[in-house]
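The structures considered in this document are given below.
Next come two complexes, and both contain subunit A; in the first it sits with subunit B, in the second with subunit C.
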Partner chain A sequence: MRIRLEKRGPISFRARLALPFIAVAISFAFSFVLILLARANPFTAFYYIFYGALGSPTSLGETAVKTTPLVLTGLAAAVAFKARFYNLGGEGQLYLGALCAAVLGLHLALPRALAVPVIMAAGCAAGAAWALCAGMLKARLKVDEVVVTLLSNYIVIYIISALLDGPLKDPRTMWPNSPPILESARYPILIAGTRLHAGALVALAAAAAVWWVMKRSVLGFEIAAVGANPKAAGYAGIPVARTVVLTAIMSGGLAGLAGVGEVIGLHYDLVEKISPNYGYAGVVIAVLGGLNALGVVCAALLFGVLITGAELMSRYTGVPVFLADVIQGIVLLVMCAVFVFTQCRVRVTRRT
Partner chain B sequence: MTEVLTAAFLAGLLAAMLRMATPILFAALGECLSERSGVLNLGIEGIMFFGALAAFLTAYFTGSLPLAVAAAFLSGALLALVHAALVVSLGVSQHVSGLGLTIFSSGLALFLYRLIIGTPATPPQVAPFAVVRIPLLASIPFIGPVLFEQYALTYLAVLMAPLLGLVIYRTHWGLALRATGENPEAADAMGVNVFFVRYVSVVLGGGLMAVGGAFLSVAQFNMFLPGMVAGRGWVAIALVVFGKWRPGRIFLGALLFGLFDALQLRLQAAGAVLPYQYLLLLPYLVTILLLVAFARDPSYPGALLRAYRRE
Partner chain C sequence: MTDSCSTPSPPLVEMRGIVKRFYGKPVNDRVDLTLRRGEVLALLGENGAGKSTLVRILYGLYTPDGGRIFVKGAPACISSPRDAMALGIGMVHQHFTLVSELTVAENVALGARPQRRGIFLDLPAVEKRIREFSERYGIRVDPAKKIRELSVGERQRVEILKVLSKRAEILVLDEPTAVLTPREAAELFEIIGALKRAGAGVVFISHKLAEVMAVSDRVMVLRRGRVVLDRETPGTDARGLSAAMTGRDAAETAPRAARSPGGPVLEVRGLRARGDLGIESLKGVSFTVRRGEIFGLAGVSGNGQRELAEVLSGVRAASGGEFLVDGARMRGATPRMLAARGVGRIPEDRMESGAILDLSLKHNLVLERYHLAPFASGFCLAEGEIDSHAERLIAEYGIVAHSVGIEARSLSGGNIQKAILARVLEPGPALVVASQPVRGLDVGAAALIHRKMLEERDRGAAVLLISEDLDEILAIADTIGVIYGGNILRIFPRGEADRERIGMLMAGVREGAR
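What follows is the complex of A and B.
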C-alpha cells in the first residue's frame, strides 16, 4: 500500500476560509495535553484565557493594547513573506522604532499635532533603514537575509541595553529605563479608564493601507510576482532587486511603527524588554492570516486574546504562562501542514 | 594592558576559544548534515534550547552526564523528526516549519522547566562535566593547556568535524546524501531513496544541534537559563554558509566565532572602556561581516528549500 500526495485543483473560497480555524482547533487540542500535564482542567484553563482577555471592559482594552503591535508586526512579516523576503528581524526593527520614539519623545518640544506624526515617521524610517540593510545585502550581494535579520535582532537589543545603562538612563531610578517622554509626544488614550491608545487606529489604518498596496497597486502585483517566481518575474520585466528593497522598507517600517506605539502609546518610556517577542509572533500571525491584511488583523486579535488571557489563566490554574508560546509554535506548524491539504489530496493506492 | 600578550593569557584565550566554539560546532555540523540533504532547519535555535533542558533535567535527576548528552541527542532527533515529516513528506515551506519548530520547542522547554523545577530563588545547578586532562600531552607547555585540557564534549566536537567530512566525501552514503541535496531527481534515478536519506540527515542533524545545547547547560553554565542559547543557532546557520557546507571550513568558522566570544569575555573581565553590551554584540556583528565578506552569492546545495515529490 502506498500513500501519496497529488496536486489538486483550486479549492473553494469557503474551504480556504475554514483553514485557519481548523489549524487553531487542532492546536488547542494539542495544548490540552500540556494543560493536563500541569494537572489542570483544560476547559477551566481555556475559560480563564478567554475570560481574562474578554471578560470585562478593562481586559478588552488590554487585549486591544496587546493586539496593536501584533497587527503591525504581522503585517510586516506578511508583506515580506509575500515577496519571499524572509525578514525575521521584526523584533529588532520594532526595538529601533521604539528607540527613535523615546529619543524624540524626550526632546521634541512641539505641539502634539506635530510631534506625534514626526515621531511616527522617524520610527518608521528607523525600522525601514534597518530592514533596508538586509534588503540591500540580499538584492545586491545575494547574502542570505534570514540569518542577517535574525542576528541583527541581538545587535539592536544589546545597543539599546547599553544606551539604557548610559546616556538614555533615567538618573532618578536604578532600573535600566529612560525618563518618561513629554506629554505632547504621546498617543491620546481612546477610552478613558483603559490603556487603549490611538496606536490601535494606526494599526488598523496600516492594515487598510497594506491591503490596498497588495491588492490594488502595481507594487503589490510586483511583490506577489517576485514571491511566486523571481526568475519569471525578472524575465517579465519586473525589477526584482528594486521590489525586494521596497518590500524590505515597507516591512521594516511597519515593524518600526509597532515599536513607536509601545513607547508613545503604552509605556511612555523605553524599557529593556519592551517587546515580549512581538516580532517573532508577527511571523506566526502572518502565516496564520494567509499573508493577507484582513487575515493578519484577525490572527493578531486571536493572539492578543491568547497572550492577555494566558496571564490570568496561569494565576488561577498554575499552568505556566509559557503555554501561550507553545500554542503559537503549534499553530504555525499545524497551519502549514493543513495548508498542504488545500493543494494536494491524499491518495492511497495498493501497490501491485 | 601589558599582560595581554603573555603566553599564559594567550593559552587561556585559545583554550576558551575551543570551549566557546564547541556548542556552535555541534550545531553547525548538524545543520550542515541537514542542508546537504536539501533541508534547511531553522528549528536549530529551539532544538539547541530544548537539548539544553533535556540534558539539564537528566543530569539533575540521574546525575549521569553521558545519559544527559544522550537524552539531549534523542530530544533533538525527535524534534527534528517533526520538521522532517513536515518538509520532506508534506513539502511545507522549510522556513516556516523551522521557525515554527523553534517557537514550539523554546516555548515547550520553558513550559516544562517551570512545571518541573518551578521558580526557585536561585536556579538549581548540576555537577558539570569535569575537564579531561590527557596524560603526557597536557603537560606540553602552551599547547597542552590549549588542546588537551578540555571537556570531553569539546574533544568529541573537534573529532566530529573530520568524521562528518569523511562520511560526506568518502562513503557511499555520503555520495547518496550529496546527490539528494544537489539533484534529488537524479539521485532517485540512481536508486537512492531520497526521502529516507533526508529523514536520516535531518534527524541526526537535529540530534547534533541538541548536543550543542547540552554543552551549554551541563558543561559551560551547569544550569538552565532562559536566554542561554542567545542566537547561537542562527550563528551556526551563518557558519554553515560561510563554511560552504564543508565540515573543515565550518570548523574554522566556529573557531573564529569562539575566538571573538572568548575575546569579548576577557575584555569584559578586564573592565574595558566600552559598556559590556557592545562587547556582547561583537560576535554577532562579526558573523554578519563574515557572511558579507566571504559568503556573497554562496552556492547553496542545488535542492536546498525544494521539496521532492515523486511523479
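What follows is the complex of A and C.
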C-alpha cells in the first residue's frame, strides 16, 4: 500500500472561509488534551479563559489592550506575506518603534496634538527603515529575507537591553527601564477606569487603511500580483523590486506603530520585555486571518482573548499561563497542515 | 552480459499497445516499442508527438491508461522510478539532477545502493567503481571534482554514471545532445557505442536527424501519439524521416493573400543571448518584420527561439547585437517600456509567465495597464472600469468564464491563452511577438488565435510568430525563417517555402549537404 499526496484543483471560496475555523477547532481539541495532562477540566479551563477575557468591562478593556498590538503586527505580517516577502522581523521592528517613542517621549516638549503624531510618524519610520534593509537586500541581491529579518530582531533587542542598562536607564530605579515619558506624549485613555487607550483606534484605522490599499489601490494590485507569481508579474511589466521594497516599508511601519502604542499608550516607559513576542504572534495571526485585514482583526481578537483569559484560567485551574503560547503554536502548525490539504488530496493506492 | 547465444533471448523491453490520455486527449495511441540487447533505438518526433510521455511511462513517472510492458520477457508493473530502477531501467533527464556543491563520487553515491562501512559512506569504494565504469565505457570524469567545477558535458557523464551505478541495462536518454557542444556530443556517442557493445539497450530521444542517422540502429518516429515509422536506421534517409515527422500528407491551409508589407517595424541585428546554463544559445540572428507581415520563425524548440523571444520581451538580457522597434533601439528596455512602445508579447509558458493564476480574470486582463487611465487614477484602482473592460474582452474573444472575478486558475488553458491574447492585442500593438501561441490548445481555440493574428496583420501590425508547429507557420506566415542551433539558416517568402525543405532545415540538414 502506498500513500501519495496529489495536487488538487482550486477549492471553493466557502471552503477557504471555513479553514481558519477548522484550524482553531482542531487546535482547541489538541489543547484539551494538554489541559487534561495538567490535571484540569478542559471545559472549566476554557470557561475561565473566556470569562477572564470577556466577563467584565475591565477585562474587556484588558482584552482590547492586548489585541491592539496584535492587530498591528498581524497586519504587518499579512501585508508582507501577501507579496511573498516573509518578514519575520515584526518583533525587532516593534522594539525599534518603541525605542523611538520612548526617546522622543522623554524629550519632545510639545503640546499633545503635535507630540503624539510626531512620535507615531517617527516610530513608524524606524520600523520601516529596519524592514527596508531586508527589503533592499532581497530586491537587489536576492538575499533571503527570512533569515535577515529573523536575526535582525536580536540585534534590536540586545541594543535596547544595552541602552536600558546605560544612557536610557532611569537613575531612580535599579531595574533596566527608562524614566517615564512626558504626560503630553501619551495616547489618551478612551474609557476611564480601564487601560484602553487611543492606540486601539489607531490599530483599527490601520486595518481599514490596509484593507483599502490591498483591495483598491495600484500598490495593492502590484503586491498581490508579485506575491502570486513574480515571474508573470515581471513579464507584464510590474516593477517587482520596487513592490517588494514598498511592501517592506509598509510592513515595518505597521510593526513600528505597534511598539509606539505599547510605550505611549500602556507602559509610559520603555522596559526590556515590552513585547511578549507580539511580533511573532503577528505571523500566526496573519496566516490565521488569511492575510486579509478583516481576518487579521478577528484573529488578533481571538489571540487577545486567549492571552488575557489565560491568567484567570491559570489562577483558578492551576494550568500554567503558557497554555496561551502553546495554543498559538498549535494554531500555526495546524493552519500549515490544513493548507497542505487545500493544495493536495491524499490518495492511497493498493499494490497488486 | 548474456550467458548463451544459442537461445534467442527475449527483448530487453517490450511495450505493447500503450495508451495514455491527458484530459481525454490521447498522447500515446496504441504505441508498440521493442528494445533489444546491444541496440540503440532513436525516438524521433516533433514536440508533443508523445516521445517524452512514452519514456516517462517506461520510467514509472506516468501510469499508462492501457497496454502492457514486458522487461526481459516478464510482465512488469512500473509505478515509480524506484520500480524502474529495480528492473534495470535508468533515465538521464534533459535537466540534470545533481547537487552542485557535492563531488562526482558523492553525487553518484546519492540514491545508489549505499556502499557503507559501518554507518559511514564508503566513498573510496564509490570512487573505485566510478573509475571502473570510466575505463569500461570511456566515460572521462574525475570522481573527486565538485559538480560546479564541471562543464555541461561532464555533468551529463555524471548523470550517466549515476544510472550505470544502479546497474541499469536499459538507458533512456531524453534529448541528450540538446545542451552539448558538437565535440561533447561526439564523446557522448562514443560512450553510447561502448554501452551498446557491453550489451545494454539505449533509447535515445532526439530531434536532430543527423545524429539519429549516426548513432542509432533502429529509428521509430512518433506523430500525434502514434508510431508512423519503425525501421532499421540503414534503411532510412533524412528526407524520409523528416517527412514522417512532419507528416507531408497534412492538409495545408492556403495562406490568405497578404497585402504587400510596409516599412520595417522590428529590426533585429546580430542579436546574441545566453541561455539559462550560461551557454550562448542565440548566436547572432538578424531579420526584419514589416508592417502587415507575419514572420514565422520555424524551428524545433531548444534552438534559441525561447531566448530570442525573451530578449524581445524584455525579460532576458542580450549579450550582443541590437533590436529596433519603429527605428528606436530597444535592447535593454523593460517590459513596461516595450509595452509603451506598442510591443505586444505572448509568452511561450502561458501558465508561468503569461497569467497570474491566483488573480482574477479581470485583473489578468489589465496586468500590463492597471496603472494607466482609465483603470487607475492616481493611486486608486477604478474597479468599475476594470470590470467593464473585462466584460467587453470576454465577449469579444469568446472567453468562457462564469464571472469577471473568477480566479484565472479555474479557466482552461485555451481560455487563459485567449485572455492573454485579448490583453495583448486590445491596445492595438505595432508589433506582436507570439511564442508557441497555440501549443497544447484545442482546434477551436487555435483557430480563433490564428484568426486574430491575421486580423492584426491586416490592421497593419507586424507579427513575429515563433512556433515549432510547421503546419501553423505554413498556414498563416507570409515570410518564413528557420532557426537551428541559435542561427537563422534561411529566410524565404511563403511562396518559395515547402514543407520538406523547411523540415530538413529544422533538423539541421543544410541544403546541398544531404
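By our rule, the second predicted complex is superposed on the first by the 323 of 352 C-alpha atoms of A that agree within 3 Å, B and C clash if a C-alpha of one lies under 4 Å from a C-alpha of the other, contacts with A are read in each partner's own complex, and residues count from 1 in each chain.
Please note the rule applied: contacts are C-beta pairs under 8 Å (C-beta built on N, C-alpha and C of every residue); 3 or more make two chains touch, one makes a residue touch a chain.
Predicted model only: the values in this text are computed from it and were never measured.
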- [ ] Check the residue A:I238 against both partner chains and state whether it touches subunit B (first), subunit C (second), both, or neither.
- [x] second
Open item on the list: One more residue to check, A:N229. First (subunit B), second (subunit C), both or neither?
Closed with: second
Task: Greater subunit A contact set [subunit C / subunit B] - done: B
Open item on the list: Contact-wise, after the overlay, does A:L36 reach subunit B, subunit C, both or neither (first, second, both, neither)?
Closed with: neither
Open item on the list: A:R216 in the overlay: touching subunit B, subunit C, both, or neither? Say first, second, both or neither.
Closed with: second
Task: Partner chain(s) touched by A:G166 [first = subunit B, second = subunit C, both, neither] - done: first
Open item on the list: Residues of subunit A that sit at the subunit B interface in one complex and at the subunit C interface in the other, please.
Closed with: none
TODO: Would you pull the subunit A residues touching subunit C in the complex into a rising list?
DONE: 9-10, 216-221, 224-225, 228-229, 231-239, 349, 351-352
Open item on the list: Under the stated contact criterion, what part of subunit C meets subunit A in this complex?
Closed with: 77, 79, 313-315, 334-336, 338-339, 345, 347, 352-359, 363, 367-368, 370-371, 376, 379-381, 383, 407, 409-410
Open item on the list: Quick check on the complex: what are the subunit B residues that touch subunit A?
Closed with: 42, 46, 82, 86, 90-93, 95-97, 99-108, 110-111, 114-115, 230-231, 234-235, 237-238, 241, 275-278, 280-281, 284-285, 287-288, 291-292, 295-298, 309-310
Task: Residues on subunit A engaged by subunit B in the complex (per definition of touch) - done: 4-5, 34, 37-38, 86, 88, 137, 141-144, 146-148, 150-155, 158-159, 161-162, 165-166, 280, 283-284, 287, 320, 322-333, 336-337, 339-340
